[in-house]
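Written below as C-alpha cells is the structure these notes are about.
Letters are used for the chains, namely A, B, C and D, taken in the order the chains are written, and counting of residues starts over at 1 for each.
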Amino acid sequence: MIKVTVWNEFLHEKQHEEVRNVYPDGIHNALAAGIGTDGFEVRTATLDQPEHGLTEEVLANTDVLIWWGHMGHDKVDDAIVDRVQARVLGGMGLVVLHSAHFSKIFKKLMGTGCDLKWREANEKERIWTVNPAHPIAAGIPEHFTLEREEMYGEHFDIPAPDELVFVSWFEGGEVFRSGCTFFRGQGKVFYFRPGHETYPTYYNETVLQVIKNGIKWAVPSGAAAPVRGNHQPLEEIKAK
Amino acid sequence: MIKVTVWNEFLHEKQHEEVRNVYPDGIHNALAAGIGTDGFEVRTATLDQPEHGLTEEVLANTDVLIWWGHMGHDKVDDAIVDRVQARVLGGMGLVVLHSAHFSKIFKKLMGTGCDLKWREANEKERIWTVNPAHPIAAGIPEHFTLEREEMYGEHFDIPAPDELVFVSWFEGGEVFRSGCTFFRGQGKVFYFRPGHETYPTYYNETVLQVIKNGIKWAVPSGAAAPVRGNHQPLEEIKAK
Amino acid sequence: MIKVTVWNEFLHEKQHEEVRNVYPDGIHNALAAGIGTDGFEVRTATLDQPEHGLTEEVLANTDVLIWWGHMGHDKVDDAIVDRVQARVLGGMGLVVLHSAHFSKIFKKLMGTGCDLKWREANEKERIWTVNPAHPIAAGIPEHFTLEREEMYGEHFDIPAPDELVFVSWFEGGEVFRSGCTFFRGQGKVFYFRPGHETYPTYYNETVLQVIKNGIKWAVPSGAAAPVRGNHQPLEEIKAK
Amino acid sequence: MIKVTVWNEFLHEKQHEEVRNVYPDGIHNALAAGIGTDGFEVRTATLDQPEHGLTEEVLANTDVLIWWGHMGHDKVDDAIVDRVQARVLGGMGLVVLHSAHFSKIFKKLMGTGCDLKWREANEKERIWTVNPAHPIAAGIPEHFTLEREEMYGEHFDIPAPDELVFVSWFEGGEVFRSGCTFFRGQGKVFYFRPGHETYPTYYNETVLQVIKNGIKWAVPSGAAAPVRGNHQPLEEIKAK
C-alpha cells in the first residue's frame, strides 16, 4: 500500500459557492475518492489544521504528498514548507497540481519564479502525450480533451523538466508543458497542470489515472541515504 | 510476472576455459538464475539458435530483453537487429550489459559510435550512485566495489543519458558513466557497465539487484500506441 | 567565418511548378541567401551532384551542414550518410530542417523512427519559445506565427531532446516539439520544424534568425578528440 | 566585450596566512587577472563592500557573475541573494566555483541541499571531459590533472544538470560531477568544482580556460523577455 496524503488549502470551497457546487466536500476529498483504495492508503490534510495537518508524524508516514493550493499560498508557514522540502529531499514523492505551481514548496524546490500565462475563458484544453515510454503515461491515450479549463501558457518559468510527459494545446492559441517530472535529492516531484477549482476536472477518469500514475512513479526509491560531510579515503593516498 | 528473455552470444564460454570456469552453463544461465523467479518469468536465447532465439513469437512474449555480447557482435543478423529495434520502439524494455555497448542493437538505438577506453588489469572498480531518487538505485548502497573488473573509461560515445544513475571509479585513474537510461519510442533502455566474462561479476548480489531493478524500470509503459501519418483536424480550420 | 554547407535534394523545385514558384532557384539557394554573409561563408550541395556534393573535401571544410530533403530520402547513398554521420560525431554541426526528420542521416543519429503526424491544410502555426535562456532563442519573440504551414503533430518519435527550445501550436489542434537540440559524439544537431516546400517559410526573417542561431550554436566545440581503445593505467594498480 | 563581475567573500585571504601566500591579492583578483581582457571587461566585488559590491547598478551592468565563497556564506544578505537570483532569472549568467556549492544563491537556484562529501588530503584530482561537444570543453584535453586539491565526492545533492560536461576522479576513491550547467529562467548557471583556497588552482591555465569558456557560454541569450500573467486569447474561442 502506498501511503498518500492529499493536501488542499480548502479555501475556495468555503468562500465561493461556484466552487462549492463543484467540490462540496473540498478538492482534497474529491481527489482522495478519485485515487481510491486499490493500492493506496489515502489521508487528507488542510491549511486550517494545526501545522496545516503536516506534522512530522504525518510526513514520516507519507510516501507521496499531493499539493493543491491557490489563494492561500502565502498563508502556508515557512517552517512547514522547510519540513516538506526536507522530506522530499529525503525521499518522499510530491505531486504538485495546477495552481500549486505558485506554492512556496514548488517554487522552493524549483529555484525559479514558476510564473506563467493564464486566462479564464471556459476554453478547450487538449493534452498530448510526448513521452509514451514513461510510466506516468500508462493507460493514457495519445491525446485527451478537457472541454472547459483555465488556460496556462508558456513561458512556464521552471527548470527544464528531467522528463517531459505531457504538453497541452489551448483553444486560444497557447501551449504548455503540462506533465513534468523532477528528481530532487532522494525524492521525486511530478507537476500536472489541470484542475482549476471551478471545473469538474478531478472527476475526469483520465486525469485521475495520470495522478495515480504520478503517485506510483513518485514513491520513495529505497536507495541508501547518501552520507555527506568529511569523508575518509577509501584508497591509499600517496603522500605529497 | 515480468516476462524476461536473457540473450547471450554464448561464445567465450565454449571457446575459453578461463570463462567456462566462471560461467560453466553460460552467462545467460547465470543471469537467469540470478534474476530468479520472484516476479520474473525468465527464458534464455543465444546466437546459435534459429533467428538467434529471437523469433517474432519470442519477442512478442518478452517484456524486457537482456543483451550480453562481445566477440560475436558482427555475427548477429541485421534483420534480427531491426526486429529487436522495432520491438523496443514499440515498448519492450532492453537491458544492455557491459561489452554489449558495441552490439549492433545498442549502437543502432543510440545513433553514435558507443566506443570507449578499456583495459584488462584485474583492477578495482567502485560504483557510485549519483541519482538516489531513481528506482534503479533501490536497495543499492551509495557505493559498492568490485575487486577485479575490466576498466571502461570516458569518453563513452553515447548520447547524454536521459538519466544518469551510476558513475564508476577505476583504480587506474578513469571514470565512466556506468548506469544510463534512455527513452526510445515507447520503450526504455538501461545500460549497465559491469560484467567482463572472466570475472564472477554476475554472481554479485548488488550487481544482480541493479539488473533486477533495471528490468522493473524497463517494463512496457502501457501508454497508448501513437498514431502517425496523415491526420485529420481535431479543430475547425479557417479557410485561407 | 563559419563555413556552412546547405544541402537540398532539389527535386520538388524541378518537378512541381507550385514549388518552383516559391523557390525558383531551389530551397538551398533561398536558404543560402537568407543566411547571408555576415559571419558565414555559405556553399550549397544537392542530390544530383557527384557524391551528392558531399565529398570528403567538402565535409572537411564544413563547420555546419544544413539538410533539407523530402521525396528523395531513399535516393541518398548510404555511404554518404555514413560519411556525414562520422563527421557529425567528429564535431561538425548539423541543422536538420522540416521533412528531413525522415532523412537517413537524422534517423541514423537519433536511433528512432522519427515519424510524426502531418497534414497539409494551409493552417496556422504558432511557435512558442520554451527555453528563453538558450542561444538559439537569441532575438526571437516569445511566440511568432506562420499563417500557412504544414502541420506536424506529436508523438514525434525522437529521443527526448537534450534541450527543447521551441514548441508549436497548430490551428487544427496539435502540438509539436519544433526546436530540439541533440549532442552526438563531438558534434551537435539542431532540428527545426518549419519549411514545407509550398510555403515561403524560408523568406521569413524570424525563421531565418532561428536557423542562423542554430548554425552558431552548432559550430564545432574545439574540444580535444577523445582517444579510445586499449588504455594504459594513469595510476599505479596494486597487483591482485 | 563581455562584462564580468568576479565576486569573492575575501575572508580566508585576510585571516589565514596559508591562503594569503597563495592569493596575496585575493582569489577575486587572481581570477580577474586569469580571465584577462581579451573579450572580457572584468570588475571585482567583495563581501565587505556596501551591498557586497552587488548594487542594482553593478548587476545591471554585469553579463556574467562569478561567485566564490566558503566561510562567509551566512554573512551574505538575503536581500542581495534575492537581487542576484532575480538577475539570473532575467538573463545574467552565473559561474559558481568550488565551495560556493553551499552559497545561498546556488542553493536557492537549485532548490536542493547542495551538500557533498569532502576531504582535505593534498590528493590528486583528475578531471575528465564527458561531453566533448559542449562549448565549455573548447580547447580542453580529454582529461587533465590537479596534483593537489580538496576532494569533493558524490552524492552531490543538486538537480540532475541540464548538461554534464566534466566528471572528476579522486585518488582516495571518489567521483564527482565537476562541470554542470543549469538553465534557470532566462539565465544560465555553470558550476565548476576546482578551487580550494589553499592550492594555486586558479593559476592553472586549463582551469582558467574552463572558466573563460563558462563565461562565454553563460552570456545572456538575447531572447525576448516572456510576458506573464493574465493573457488575452490569440485565437477566437467558441463560446460555451
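Keep this in mind: a residue touches a chain if its C-beta (ideal position, glycine included) is under 8 Å from a C-beta of that chain, and two chains touch if they have at least 3 such contacts.
Here's who's who by UniProt: A, B, C, D = ThuA domain-containing protein.
Predicted model only: the values in this text are computed from it and were never measured.
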Remotest chain, chain A as reference, centres from CA atoms: C
Contact-richer chain pair [B-D vs A-D]: A-D
Computed distance of Cα centres, chain D from chain A, in Å: 30
Chain centre separation (chain B, chain D; CA means) in Å: 36
Multi-chain contact sites of chain B, meaning residues that touch two or more partners: 126, 129, 131-132, 142-143, 153-155, 160, 162-163, 171, 173-174, 183-185, 226-227, 234-235
Complex contact set, residues of chain A against chain B: 91, 126, 129, 131-135, 137-143, 162-163, 171, 183-188, 221-227, 234-235
Interface residues, chain C side, partner chain B - complex: 85, 89, 108-113, 115-119, 121-123, 147-148, 151, 153-155, 157, 159-160, 162, 171-174, 182-185, 226-235, 237-240
Chain B contact footprint on chain D (complex, rising order): 126, 128-132, 142, 153-156, 160, 163-164, 167-170, 173-175, 177
